[in-house]
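In what follows, chain A forms one complex with chain B and a second complex with chain C.
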Partner chain A sequence: MASLKRLETEFPILDPDFQSFCALRGIFTVQDFLIRDLQSLVADAEQQPSSERFMQAINQVLYVIDGLHQPWLNGVDLMEDAQKNKHVLSTGCEGMDFLLRGGLRRGQVTELAGPSSSGKTQFCLLTASTVAYKHMGGVIYIDTGNSFSAKRIARFLNQISCPASEEMQPRVLQEVMNSILCHSVYDIFSMFDVLHCLESKLKYQVMCRGDNDERLIIIDSISSLITPILGSSGSQGRALMVSAMSLLKKLAHEYNLAVLVTNHTVGGDGGIPKPALGESWKTLPHVRLLLSRDCGSNTYQVSLLKHPSIASGKAAKFIIND
Partner chain B sequence: MLGRAQASRPSLSLPAPLHRIPLRAGNVVEIAGPSPSAKTQLLIQTAVSCILPKERNGVHYGGLGHSVLFVDLDCRFDVSRLVEMLRHRIVQVNGCSCTADDEEILKLSMRRFSYIRCYDSCELLAALKTLHHRLEKEKESNGIGGHLLMIDSIGAFHWVDRASTSLPLGGKNRKYLSLQNVLEVVVEDLRKLMSAHPMLVIVTKATIVGTTGNDFRRNYKRWPSAGTFDASSELEGLREPYFREYMPPIWQSFVTHRILVRGSDDHIAMPKSQENNTAYVSEWLLPRLNFLDKFVVRNAGVFLVS
Partner chain C sequence: MEVGRLPISAALKGKLVSAGYTSLSLLSSLSPSHLARDLNISENEALDILNHAPHDGRIDTSGGHHIISGAQTAWDMLHEEELLTRITTSSVDIDNILGGGISCREVTEIGGVPGIGKTQLGIQLAVNVQLPVHCGGLGGKAIYIDTEGSFMVERVLQIAEACWDDMLANNAISQNVHAGQVGMQPKDFLENILYFRVCSYTEQIALINYLDKFISEHRDVKIVVVDSITFHFRQDFEDMALRTRLLSGMALKLMKLAKKFCLAVVLLNQVTTKYAEGSFHLTLALGDSWSHACTNRIILYWNGNERYAYIDKSPSLRSASAPYAVTARGIRNNVSNCKRIKLM
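Entry: the complex of A and B
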């Protein structure tokens, strides 16, 4: 947050008189301004000898504050943005695409929860392959448990592109696989690092070319990064969880990315598994899915726990072949 | 004098379950509930009723023609859901006739909807501080109109603000960005906005501090009740986990009306479609009404059942 002193170079009306007027009331930076009662400050300023200049200075700071929040959007702008930018990305899995009315939507964060060995990683790899191949999009795969497998991706790509069990051309295969970037992270701070670097990269791409290549971020699994820091009563862990999701939602919305995160399950009422990470987590993702696998087979069952525009409770079955 | 007061701030007719109590500009309604409990759907339904015009080209749409300011702190708003519900309402009124007219009404209504996202408390405070000027400018160009301010999930930054450092900043009189301070300023700014521009404020609150085993028996009390405790048999059925009130007292005293929503265990079988829709139950806590409203969420919107 800029201090008033530094702002003086840009806006000479914030002269030392005004700064000392503010300093007496404990205001040194723009953030202090935000946390203060503006009306009483204005009333004070009017009683000063140079009240006009002070009023102009206050208005100048308000102008700076106006640049601190996101712009107000009109409903019509929102509709146009949704139509132009927020398309769906097919996941490569017919059952899942049918359940989600097309697939993962760009601009939304989707959570896939399931017990261990229920197919979450397989689904992530399949989605990464499909998006890289069909949508020509870059995929950022953040892997927390060393489960990323390039061989599996290559097999999926062969299945998608040549169902007649021919081999894909090695050059094409290499190009598609080059668009999937895998980062191994083992704690939440490294994940923040990766996401901040990604944000700079995307900003730069948009500035130079007007559009970015990346389409999908996958975090497998975000719960292994968050569970170690979630204490029972402390708020630091939950604060980090909320900030991480806030950053993901910001990236998703501003750069039109779809985000897929996986979560594990814990025992719930009556022994039915429920997604982990607690009550606060439930309000964070846009779409929540619960995955399970029929014992020893390749058939998976997924049900919809929450979606902004589809009724919850729907379910679908699908098969992922070896 | 009462007649004059009521005429100057007429009560707004809002969709169920907000229709039970007459609400007018200056009221602050809090819709609280665990996730998922259709709170945002209620907001969207209310927004649709507000932005539709009352009447246009001789057709009566039954809306309020007010503008809606939607402050999205959860950042999960889906505009396509709003458009879907709006379209259903318009088609319902117009029948299956001309679509060019429908599009025109849709655009006209959507123009009354303003949306902003805030990713942290600083952005929220900045947005509220500059909202007054924005509304003043609008008043000059469009004339005085009613407003509805919706905040989706006031508890979105609860954990972040709670964990924010309380290192003492240099200089006395300096306030830091703590949970208490942020909410004090939010309440102050909202109060000033409401006095300068008549508006109804509807806020959703997710009950993010849930029950865990032992705590349940020890710490949790019921929601603050406004009136006497009438143990009617229906309310006994609310054996669901009680959720802790985590907003500080300054917010609790700012709220004038409170509704609790949650999913109910019954599934309502719809005769037409093959699916079972989850039903939700809403209860007015402030002022206390001793019955529950049951509603379902369908494609066309929120509908009362029973």
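Entry: the complex of A and C
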């Protein structure tokens, strides 16, 4: 909310006369403008000698305010957007695709929670490989635990492209692997910086070409960034968590990306593990999944905790090969 | 509101918002004295805030190569991973399941019951990292952080002497002998282990915060062994929420150290019992919230009379176990005394 003084440089009509007129009525910033009674202000302005200029200035400020909120959409617009842009991305894993009716949906944030060594990173790497190969899309992998393994990605790509266990051509492999970008971040502020840069990059791509290359953002794991700040005195930790998720949701919706974040679990009632990060986290992701692994094997169980259009409680099994 | 993303205190954020600065673009063309006057804070604080605000407006217009600074493509990382050398554990079986040894740029957690050989393995790695690259080491120094007091210098000397004998035996066979390495005596191994003794959790956290500066001055450190990481956090901690925050913060700092200076971080951990699915299991201490703080996890356990190492968590290695033995010469392969034929 800028002060009217600062708007003067951009809109010369808000000259010092208008500013002192407003100041007399206790209006210094755009926020004050919104709070005060506009009708009495307009009535006062009409009684002033330079009433036309003042009316123009008032309209100018209102115009600036109108330009700042998101455009109104009706149901038809939303339906068109959903059909044209918000497709599903296959994860490469049949059981998971079946459970999610196709895979990760673009425009939604999916959370994958599970105890340690339950296959979350493996699933993230598999999804990254599949999206890079099958959907020819860019993948942004934000890694907080040094667990991004390029060798594993290469193995997955070989499995996906040539099931007859031949080697993939190096040139094709290079092209696909070049579309997976990995960042290592170790605190939540660095993650904000990365997302901020990503936003400007995506804005630029849309400006130049009308479409962006990236399809998927993976954050493995977001809980290790949030746990050090959550719960201390004051609600700053929770505020940062909420603002991180709202930024991710905004990026997902505006640029048609799918977002996958991983979470760890803590002990719940009766010793059953429940996802970490507490009650206020539960409302933030669109889709929530709970993963577990059968001891010592490659079989994984996943159950659906929350989904906007599928009943929760469904479960599926899948295998990730070595 | 975008100023919520700046790493500054909540009081300063409140002052920024009430003065009308809610988005970062408003801060971009401001001078520190102007900001200080507006917010009624000192000029140093204003300068601090402006330094944290990212520099907007510099969108990458160089067409083809749209890489955000600090990112690497998976293809580049693949080549880097192939070039990365590993630290041998002196047991060929364990090295095999680890893909060559303990890898750098990763945090490896090793846990097991008391007496299984965790400290022995830690000492062996601290000695092995000093070996030249062709012998399985990295030619670097080691930092050993001891929280329990289980570091025995005489044992280190014993292991170093055994290592030195092995190296001589190997060099006698091969013709290429570096003059520098032949000059290494067993006592030199002791010189290259930097030892810190930590007596409380605050000291531990302070030390890990200090390691960043320390390692930038001692660039030849290639491994940090912490024995054991959980000791001071297990007893007498009243505030569990604080413990979780401290531990996760510590885990992130260690990850950052491993990546930034390209060294291996080895954390030794104790075990505890957990009640799950109707029975008691042995599981690593500090619970689920700590268990995601490492990149790889190796669990040491007894199988009959033999010691085994099992890979519990790894992004790229298969789950496998290997036997090993703790001998007077350090960690070595398990030479089974059993006369029965082993079924493969």
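Keep this in mind: the second predicted complex is superposed on the first by the 282 of 322 C-alpha atoms of A that agree within 3 Å, B and C clash if a C-alpha of one lies under 4 Å from a C-alpha of the other, contacts with A are read in each partner's own complex, and residues count from 1 in each chain.
Rule of thumb we're sticking to: a contact is a pair of C-beta atoms (placed from the backbone, for glycine too) under 8 Å apart; a residue touches a chain by one contact, two chains touch by 3 or more.
Computed from a predicted structure; not experimentally measured.
Q: Which partner does A:S243 contact after superposing on A: first (chain B), second (chain C), both, neither?
A: both
Q: Looking at A:S312 after the superposition, I want to know if it touches chain B, chain C, both of them or none. Which is it: first, second, both, neither?
A: Once the two structures are laid over each other on A, A:S312 reaches chain B alone.
Q: Does chain B (first) or chain C (second) touch A:C295, or do both, or does neither?
A: In the superposed model, A:C295 contacts neither chain B nor chain C.
Q: What residues on chain A does chain C touch that chain B touches too?
A: On chain A, the residues that contact chain B in one structure and chain C in the other are 1, 31, 232, 234, 236, 239, 243.
Q: Help me check something: in the complex, which residues belonging to chain A touch chain B?
A: 1, 23-28, 31-32, 34-39, 62, 65-66, 68-76, 78-79, 81-82, 108, 232, 234-236, 238-239, 241-243, 246, 249-250, 253, 278-280, 282-283, 286, 305-306, 308-309, 311-314
Q: Can you name the residues of chain C that touch chain A in the complex?
A: Chain C reaches chain A through residues 1, 4-7, 10, 20, 22, 26, 54, 56, 59-61, 66-75, 77-78, 80-81, 105-107, 241-242, 244-246, 248-249, 251-253, 255-256, 258-259, 275-277, 287-289, 291-295, 297, 312-313, 315-316, 318-319.
Q: Could you list, by residue number, the parts of chain B that touch chain A in their complex?
A: 34-36, 40, 51, 74-84, 107, 109-120, 122-127, 129-130, 133-134, 153, 156-157, 159-160, 162-164, 170-177, 181-182, 185, 188, 192, 206-210, 212, 267, 275-278, 297-298
Q: Touching residues of chain A toward chain C in the complex: what are they?
A: Spelled out, the residues of chain A in touch with chain C are 1-3, 6, 29, 31, 115-117, 121-122, 125, 140-141, 144-154, 173-174, 177-184, 186-187, 189, 192-194, 196-198, 200-201, 203-205, 221, 223-225, 227-232, 234, 236, 239-240, 243, 264-267, 271, 273, 276, 296, 322.
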